Amino acid sequence: MVSSVLSAAALLAAAVQEAAAAAPPPTVSPADTAWMLVSTALVLLMTPGVAFFYGGLVRAKNALNTMMMCMAAFGVCGVIWAVVGYSLAFGTGGNYLGDFSFALLNNVGLDAKGTIPHVLFMAYQASFAVVTATLIAGAIVDRMRFGPYLAFIGLWTVFVYAPIAHWVWGGGWLSKLGVLDFAGGTVVHINAGVAATVAAIVVGRRKDFGRQAMLPHNVPFALLGAALLYFGWFGFNGGSALASNASASQAFAATMLAPMATLVVWMLLDYFRNKHATAVGAATAIVVGLVVITPAAGFVSPQSALFMGALGAIPSYYAIVWRSRTRLDDSLDVLAGHGVGGMTGALLTGVFADAAWGGTNGLLHGNPGQLLKQATGVAATIVYSAIASFVLLKAIAMVSALAADARAQGRGMDISQHGEEAYTNGEGALLVLETVEAQPAARPAKVATAGGVA
Amino acid sequence: MKLIVAIIRPDKLNDVLESLYRAEVKGLTVSRVLGHGGETDAVETYRGTTVKMELHEKVRLEIGVSNPFIEVTVRAILEAACTGEVGDGKIFVVPVENVYRIRTKEKDEAAVTPALH
Amino acid sequence: MVSSVLSAAALLAAAVQEAAAAAPPPTVSPADTAWMLVSTALVLLMTPGVAFFYGGLVRAKNALNTMMMCMAAFGVCGVIWAVVGYSLAFGTGGNYLGDFSFALLNNVGLDAKGTIPHVLFMAYQASFAVVTATLIAGAIVDRMRFGPYLAFIGLWTVFVYAPIAHWVWGGGWLSKLGVLDFAGGTVVHINAGVAATVAAIVVGRRKDFGRQAMLPHNVPFALLGAALLYFGWFGFNGGSALASNASASQAFAATMLAPMATLVVWMLLDYFRNKHATAVGAATAIVVGLVVITPAAGFVSPQSALFMGALGAIPSYYAIVWRSRTRLDDSLDVLAGHGVGGMTGALLTGVFADAAWGGTNGLLHGNPGQLLKQATGVAATIVYSAIASFVLLKAIAMVSALAADARAQGRGMDISQHGEEAYTNGEGALLVLETVEAQPAARPAKVATAGGVA
Amino acid sequence: MVSSVLSAAALLAAAVQEAAAAAPPPTVSPADTAWMLVSTALVLLMTPGVAFFYGGLVRAKNALNTMMMCMAAFGVCGVIWAVVGYSLAFGTGGNYLGDFSFALLNNVGLDAKGTIPHVLFMAYQASFAVVTATLIAGAIVDRMRFGPYLAFIGLWTVFVYAPIAHWVWGGGWLSKLGVLDFAGGTVVHINAGVAATVAAIVVGRRKDFGRQAMLPHNVPFALLGAALLYFGWFGFNGGSALASNASASQAFAATMLAPMATLVVWMLLDYFRNKHATAVGAATAIVVGLVVITPAAGFVSPQSALFMGALGAIPSYYAIVWRSRTRLDDSLDVLAGHGVGGMTGALLTGVFADAAWGGTNGLLHGNPGQLLKQATGVAATIVYSAIASFVLLKAIAMVSALAADARAQGRGMDISQHGEEAYTNGEGALLVLETVEAQPAARPAKVATAGGVA
Amino acid sequence: MKLIVAIIRPDKLNDVLESLYRAEVKGLTVSRVLGHGGETDAVETYRGTTVKMELHEKVRLEIGVSNPFIEVTVRAILEAACTGEVGDGKIFVVPVENVYRIRTKEKDEAAVTPALH
Amino acid sequence: MKLIVAIIRPDKLNDVLESLYRAEVKGLTVSRVLGHGGETDAVETYRGTTVKMELHEKVRLEIGVSNPFIEVTVRAILEAACTGEVGDGKIFVVPVENVYRIRTKEKDEAAVTPALH
């Protein structure tokens, strides 16, 4: 009897274990993995999003160069991230920098990091590193030479992005301090905005800046870019919950709502200033709204997200107005969009953060200290990013000129940097034939035959 | 023989083509151009940048005509292209020494007489 | 002994509870949340999809205005939805309208609504409200002034969309009646199609309508739009299962299959009528197929989805042919695409619905009554949407002219409504400088310097 | 007592059952379903991706025709897949072909196939069939008539794609042999690349091939296409795990990393050969990197993915250089991109495959035999695809000319095959009115009124 | 001195440039235009709308030549641009009073003699 | 009366317009063209294909002037459009027999005198 009871108990234990197996301790969660797979893909789509946003706003003769500044970051920053960047950012290391434990993706396996496979966490972070670097391009399009640009964003990923990512997300000093940055207000936006401004200054102004009107050659492309950014940003912010849960949903809703409010306010500002709500303005507003909500997405209520979006329109709007009257040639207003927008967002996070919705309380919920912490995070990012970016650019300038000469700028960066044009119709294009010997030559002439009209 | 060059409003091309058709002027060449004249400039804004658009879209017609057609062609255009507002455009009558029809290598009058087929 | 048995029973109870914890009563499900996060993002991408679909079909001088009619809905309809629309549609309320319990997103929190967080459900519904409003634009592009348009879609979301959404999805009378509308055949498509037609009539015809050919300036954009719509529609229909389950999979497959069949039939109709299968036709066919399957996606077998797609091509195709011979200036055929397509779909749902695949049986499965119910839903939507849209437009017309004057239409809506152009090369663009005083003026002249060629 | 113990045991049994219900034997998994829903949508987006990639690279007068060759595959191949293709590929059948058990989607229901609903598995496979067929278009754009093209890809899906899919994924002889093909290196890329080459030869060269320069009319579209392909490919490779798990994450990371490395190497090759890294080159590099990693994605470490991407650039790069000197008019280098890229990938899979990361070991991990198996798979695919594609084309050529005549090519395939143009401004477009009798005629004239400028 | 204005088919630009090159005519200016002549119109359909495309793509050449080159230039074009089908285009020979080379401010004959460098 | 046709560099349009403005020449028509002259050709590469771009982007100005303005107009262009490098372009002075202003139907001198409003 006893034994039978005991055996019942044993069976029971087995049953309990089975039940436990059904609800395992948080190792890899299939649902979280599903959402993070999607989020990573979404963030990777933001890089072409930037390519089209920026590419549509430049002149046709510089369109490919601008887009290539973004697309090439997949190669340069992506590979560098895998080789060393990820390890410097997310290796344990110390307060200021990670270590080389994950260099060359060693030890990045299929085991769980949080509730998703480590290799997926690495991929998600890689998508951030790539898109952050591309943001810088907006400040130096139309003039920076392609080689030095690639060198810069490659080095920048290692020496500027990785450290700051470590500070905030890798267990570094800013995270210990309690700075709130849900999805990268400091690491991504302030950082890129400041680096971009420094680059605009160090590289110098465009030929004819302030003398000629340089108008967007394809505003629909800019709208397409903004749309892809909006879409991808759901992975950027929503994915920063690193799980498919309430926090992700909240961040998603905030990411949806904030730019809606920004858009409304921006169109009103535009209307009162210029008598028109412009499409370029709308595209810009969406991006600004996204930037502003980024650090706060998982920490604020939906109502606060609407407020933050609405408020966030104002500083960036006037920063653009102000910038266009200065001699600062930040061509596509990266400072106003990402720098100022990021600062607004980071500080407002310290105002609106609500422990009831995740994270810590901010000013409005009785914790003014948080605002100070946020300011510290902002200041540290500005100072480090400005100095380090400056040093890197000057170092590269010692090896090779940063800006293309006036003639190359005049012909267009597409032809001078890439030897191709965005839109050709083949008129007057003479085909240079190099036929394989074994083949009958197309024409008696040695090298060239006549080109024609497409 | 003359080459009649007319600069007109794009939205009048329609009417001018019809008017020329009625005047039995069938051969012509059209291109898009930008014109500057007495029109007031449109103001556009791109982010912080405000620009005045000095050049306005126009359409340029080039019509080779034999002498008996000069008058009717000019008249057809003058009538169809006019709105009375600044920016209606101009007509230039330019002398031509020779005209060739490439297909047949016909010269002068014959070259601008519509082909029958 | 007894006690030991009892304690075994107690343990057992604990085990059962643990098991239950492992399979909790449907609170928030991570997997469902993952799919609904994605679905919401996909539906939000449909708004730019409409922007490009419509934008590519208009003339270059109206391209930005058309796109802005869509993109600006993110701002206007999105904010209005958060403020009051969601509450009117999904607040408990009565048979005809919700209430203000969720106004300003109050009480919309992280708790479960079905198996996903409430805030995510709200976001998903917001994405529907925005895209529905943009559909209307297609009927009045090229002429409706931007301000009155925004006023209209804002009010329309509150007074037309929200009530009908309540009828069908918010527990209102149509849902009680048993009308089947899986993802919005009535609420979205018939509703928008009818409102668009009314708007086309009230706003009036375009200058030169029926006199001049108004051709698409960029058909690839229309194809891009159709592709984004196809892609986003998987969230629209697949997400309407509100879970990551068999119903979602079935709806997904139906959404994939129906437009394939529509495309084949449409190309054949096109070929026999015009000797060519056109690209504009293909883009239209995909959208029509998607519209037709929308109300049925979760209620019919894959085979029926193919049939519905194929059949659905015919009424819309001939509606376009018919419309283009009339004096009705529904510029981009919203009536034919969404109105007629939506009616076809809603009625065919009553024919093909199959309880074995979810929902109720339709005519073909022995329940002719369902067809009647569907017809009631269609009729109610048509009548209410037509009257309410008419009243709203007339009310706005009292305050401000709806249509731009002939001169503004002639110059193009981009310049007249937004003060910008979609494609510029900067030729003859004179820069108007307003340098900040502290800066050295770029030129001696007070305001202007010469423009140049981009 | 006994009875009470027994009843405890009964309760226990119930508890165990409950626990089991909580962790059911792999039937439908919501998380896997979520990821596969997304993956299917992503792969479906690749077809428009190809449309823009190819469409941007051709001349403006052929842009719509090229895009239609892709978009129309949704209709033709999609419907054929549902009717018979899926069954021939995935019906049990034998070593070489499936059967008709799933014809007309019979027996394709909501029951689990693996851990997802069968209907979803079918949809996922449909998305592969469609995009594979569109790849062929690249070799015969600018000249192949639209009707014969549709006939070809329709038949090809049945007679070439379905059988090879059966060999590799449907339980056919190559899978029994142990050939590794994670996501379609043989089935999709080698297969399409070979068929494309055969088609280029059978259809014949373009008018003026080798005499005139035929330049891309819109390189940004090609970049957009590459971006959509990169994005969609995460579903293609990541989804091929058929679950939301470690394997999917690993495949995702490999799919992200490989093209990054390819891009770097390609830009270097480009730079050293032409003194410029081109945008067309970058777009091509991304696609080649994706092709190369496709068969290996779930079988290799992230480091190996980087290596494979880097190595994979070389054969395809030089294949393009070589091809352009020959008289082979594979217009958009499908052979070099997909054929050669696919072979490189399939063979390198036999080198880098690592059982520790899934699958079998390859050469580098001590199993040289795998390389031989891979070579067998490659050879079988090449031989069958070449012969069967040739036979199909010749059969169609008996009924109808494959190539458009020189005059039609000269006017452009858009006008000659589709009766429309990609970019029109309506200049000189005369409206042909066919007013409905009941309506007042717009003009006294019977049929035509004057056209105007857009 | 004359300005030779030629309207040709786009797909003949190729051959015309070669032919001019052989005739040692090296300076010229090209633009895309639309022409209306005796050609049959293409019909296109956009959804319900059917249109007849009345204007056809052409290329316009403008070549300033000194008197000894008039003949050869016209001949070079006539030969290279001809297909024999309707739509081959026209050549207009327009008198010119002065020509300037902007770079050097040279005038007339000197201005149209190819630069040696 | 003359029609002054000038081919200039696109990046000099700016300066030329200013220069003409100062010379009080206000009516003109502009178009984008492609030119072939003594300039060295740019080489571009698209995948395996290498091409030489024989034609260079230029801007064409067409200015109808009454006789007293011929000289100043030519001079204004010559000065503003010159860089001294090959490719600066040409100016052609073409005789015109009549000019009409479409808006008012004014003829000749009156037609090219700027409208006052």
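The chains carry the letters A, B, C, D, E and F, assigned in the order they are written, with residues numbered from 1 in each.
Everything below uses one rule, namely that a contact is a pair of C-beta atoms (placed from the backbone, for glycine too) under 8 Å apart; a residue touches a chain by one contact, two chains touch by 3 or more.
All values reported here derive from a predicted model rather than from experimental measurement.
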item: Each chain counted as touching chain C and chain F at once; value: A, B, D, E
item: Matching chain pair for C-F (criterion: over half of the contact pairs shared, by residue number), options A-E, D-E or A-F; value: A-E
item: Chain A and chain B, separation of their C-alpha mean positions in angstrom; value: 51
item: Separation of mean Cα positions, chain C and chain B [Å, integer]; value: 45
item: Between chain C and chain D, centroid-to-centroid distance (C-alpha), Å; value: 29
item: For chain F, residues that touch 2 or more chains besides their own; value: 11, 14, 17, 30-32, 34, 36, 45-46, 49-51, 54-55, 94-95
item: Multi-partner residues of chain D (each touching 2 or more other chains); value: 1, 5, 8, 12, 15, 18-19, 22-23, 29-31, 34-35, 38, 211-216, 218, 224, 274, 276, 278, 280, 322, 325, 419-421, 426-431, 434, 450-452
item: Category of the chain touch graph - line, ring, star, complete, other; value: complete
item: Complex contact set, residues of chain C against chain D; value: 1-2, 5, 8-9, 12, 15-16, 18-20, 22-23, 29-32, 34-35, 38, 42, 59-61, 208, 210-220, 223-224, 226-227, 230-231, 234-235, 238, 243-246, 248-250, 252-253, 256-257, 259-264, 267, 274-280, 282-283, 285-286, 301-303, 306, 322, 325-327, 357
item: Chain B contact footprint on chain E (complex, rising order); value: 2, 5-8, 31-38, 54-55, 58, 60, 74, 77-78, 81-95
item: Chain D to chain B touching residues, read off their complex; value: 427-428, 450-453
item: Footprint of chain F on chain D - complex, ascending; value: 213-216, 274, 276, 278, 280-281, 284, 320-325, 333
item: Residues of chain F touching chain B in the complex; value: 3, 17, 26-31, 62, 64, 94-103, 105, 111-112, 114-115, 117
